[in-house]
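Consider the two complexes below, in which chain A is the common component and chain B and chain C are the respective partners.
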Partner chain A sequence: MTRDEFLIEMDAILDLPAGTLKGPEKLAELEQWNSMALLGFLALVDTNNGLRLSQRQVVLCSTVADLLSLATVEGVPE
Partner chain B sequence: MRQAAISAIEYYLPERVLSTADLAAEFPEWSVEKIDAKTGIQNRHIAAPDECASDMAVKAARKLFDSSAHQPGDIDYLLLCTQSPDYFLPTTACLIQDRLGIPTSCGALDFNLGCSGYIYGLGLAQALISSGQASHVLLLTAETYSKFLNPRDRSVRTIFGDGASATLLTCVDAPAPRVGPFVYGTDGSGARNLIVPAGGMRERRTAESAIAVEDDSGNVRSRNDLFMNGAEIFSFTMAVVPQAIDAVLKKARVQPADVDLFIFHQANKYMLEHLRTRLKIPAEKFQVTLGHCGNTVSSTIPIALKHAALEARLRDGALVMVVGFGVGYSWGAALISWSGLPGLGGRAGVSDVGGAAA
Partner chain C sequence: MTMNPLDLTGKTVLITGASKGIGQATAIYLSRLGARIVAVARNRDRLDRTVSQLEGTGHSAQTFDLNEVEQIPAWMKTAAQVSGPLYGLVHSAGIVLNRPLRVLSPRDLTDMQRINVDAAVMLAKGFRQKGVREAAGGSIVFLSSVAAFKGKPALAGYSATKGALISLARVLALELVHDGVRVNCVCPGLVRTQMAAELGDFMAPEQLEKLCAEYPLGLGEPDDVAYAVAFLLAPTARWITGTALVADGGYSA
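Take a look at the complex of A and B:
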């Protein structure tokens, strides 16, 4: 999954128009970043990268770019 | 050889309905469409203030006796799976024995499990019957989780519904098990991720435990209320369910393609769909039945089994994989060699959705 593909997937998870998210957005300022969006992110990472992440890892992320880094680098490999 | 076979399944849902529209009106920031898309749940049934697990279980059992060839007098063992018993003591199954008029010569016990409970109940019933301790086991599941939910915690109010099921397992003479093999799993390190912290012996209810606090997601709960860490539950599910399925298939020496229908604990549509795609299970082999009742904890699998039979998705001899997973953490999986439910045959269409009437 490329960076752009990830951002578009996150747009859908957060009910935003495709192309909205660029990376620097702070999660705390995204109204739609809630428990359902968190599940969507976990499912996205599990499906595309085969990585199992914990909530403990996700809560350390501050921005959308942090989520991308987590999804591609620090997940628990299958 | 003595084997247990499922000969009847019925269920009961409380009369009061909490619809997704009702929830959207309470929580305007969540639309009906969004809740439905994520959970797949349109209605949850909520027990009346004076309606307890035993009340619902009795109604489910009476439906079963009314619709089957068996009567209370046939039952020689009663199992009740619940995490919301009528009392700490006495055993709620004992109360149910009395109310149903089951002979006093029967055995009866409660066991405290949630989403995995039906699998464990099937295993206990199979063992009781194959060992000769019982011939007609009434397996009941009943939960009033709604009584644990804070009204301002949308994360759990959108998902959980109350309900009860009754399954009759009878002794048949067969060369191979009709129910089984079984695989179980337990990981208590996940206990804190689905818990009612106060109210038991570890932490009594106090004025302090009743203080409600808002979390980072805007959900409100006290220590007297159910807390669920959805993200951790999701991760746990993704880890254990595939392994449990592999283990059962290996034990039974069958291939995934040999399974005719997969019935998982109906946690929510989002998780179910993710599991289905990840495990590459065709949609036509995957039962989803939660829109009309929500997550009824240990009743989700028997409710889904009942609907699979009503929808004519189970031919005689069909191989069904059932998998329960959740609170504890606890999980279990089993294969059922389906032998039909007397009175249903193979008719298509849903003619009985359980409803609210006993």
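Take a look at the complex of A and C:
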């Protein structure tokens, strides 16, 4: 999945118009970033990248870009 | 002389999903009750580990991918030629996908439907074939879930398939009664299995703690479900068909 495709999928998960998210957005400031959106992100990564991430890994992310890093490379973002 | 009301001596039971979790525990427990087990799963190594833990003799392992739903009846005919006619069928194989509605895809639905429901239908169809089941009749148990009764976010697809099994059992109980076949469901709550552990990966610790607190008797063990399956299979349940036996530690009370 490309960066742009990922961002558009995340727009959909967060009920935002396509093209809204660019990466630097803080998750805590996104109104729709909640437990269901988190599960949606996990499902997105599992389905498209074959990566099984855990909730524990995701809560360490602060921004949308952190999620992108996690989605493409498994590991704890800096 | 002590009587065992759950005695399954001489009964051959085919169990899907027998390589792990509830299916494995059921296979082992039923073997302790005297049943001959036909253990079915995709993974040969895990299946062999299950068979090595069975008590008694006459057991067998069959690798088969239940995604090949069209092939199930023919495969069961072949399997029964090796094992002898079946008395019981337990469909324990299943898939759970944690998917909020916003990301639930037709592919997710198809994947769960195929194993959880379509395979159950075709297994029942295979079971009723002449020569596959004992002429006198038998007993089918589908592993449904308490999720069929009590909603939880992100389990829409999964819950729908488990609810479908309950409806399926009700219909088949009537359709197969003249074949002497009883059909029931067991509806487990959250049981300590690998599948449940993976579910825990999707939750925050406090969410998991809150979920566990909803079980008055605590989380279940695979054996707790095996006991319920055995009860429905055993001849002492001869007057029970078309039901859904909830085994959930009080979760849905």
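Keep this in mind: the second predicted complex is superposed on the first by the 74 of 78 C-alpha atoms of A that agree within 3 Å, B and C clash if a C-alpha of one lies under 4 Å from a C-alpha of the other, contacts with A are read in each partner's own complex, and residues count from 1 in each chain.
Here is the rule we use: a residue touches a chain if its C-beta (ideal position, glycine included) is under 8 Å from a C-beta of that chain, and two chains touch if they have at least 3 such contacts.
The model shown is predicted, which means the values in this text are computed figures rather than measured ones.
After overlaying the two complexes on the shared chain, residue contacts for A:S35 are found with chain B and with chain C alike. Applying the stated contact rule after C-alpha superposition, one finds that A:A18 touches neither chain B nor chain C. Once chain A of one complex is fitted onto chain A of the other, the partner contacts of A:R52 extend to both chain B and chain C. Once chain A of one complex is fitted onto chain A of the other, the partner contacts of A:L60 are absent, as it touches neither chain B nor chain C. Shared-chain residue A:A43: touches chain B and chain C both.
Shared contact residues of chain A with chain B and chain C: 15, 35-36, 39-40, 42-43, 47, 52, 54-55.
Against chain A, in their complex, chain C makes its touches with residues 97-100, 102-103, 105, 107-108, 153-154, 198, 201-204, 207. Interface residues of chain A, counted against chain B in their complex, comprise 15, 34-36, 38-40, 42-43, 46-47, 52-55, 58. Within the complex formed with chain C, the chain A residues making contact are 12-13, 15, 35-37, 39-40, 42-44, 47, 52, 54-56, 59. The residues of chain B lying in touch with chain A in their complex are 34, 38, 155, 217-219, 229-232, 234-235, 238-239, 270-271, 274, 277-278.
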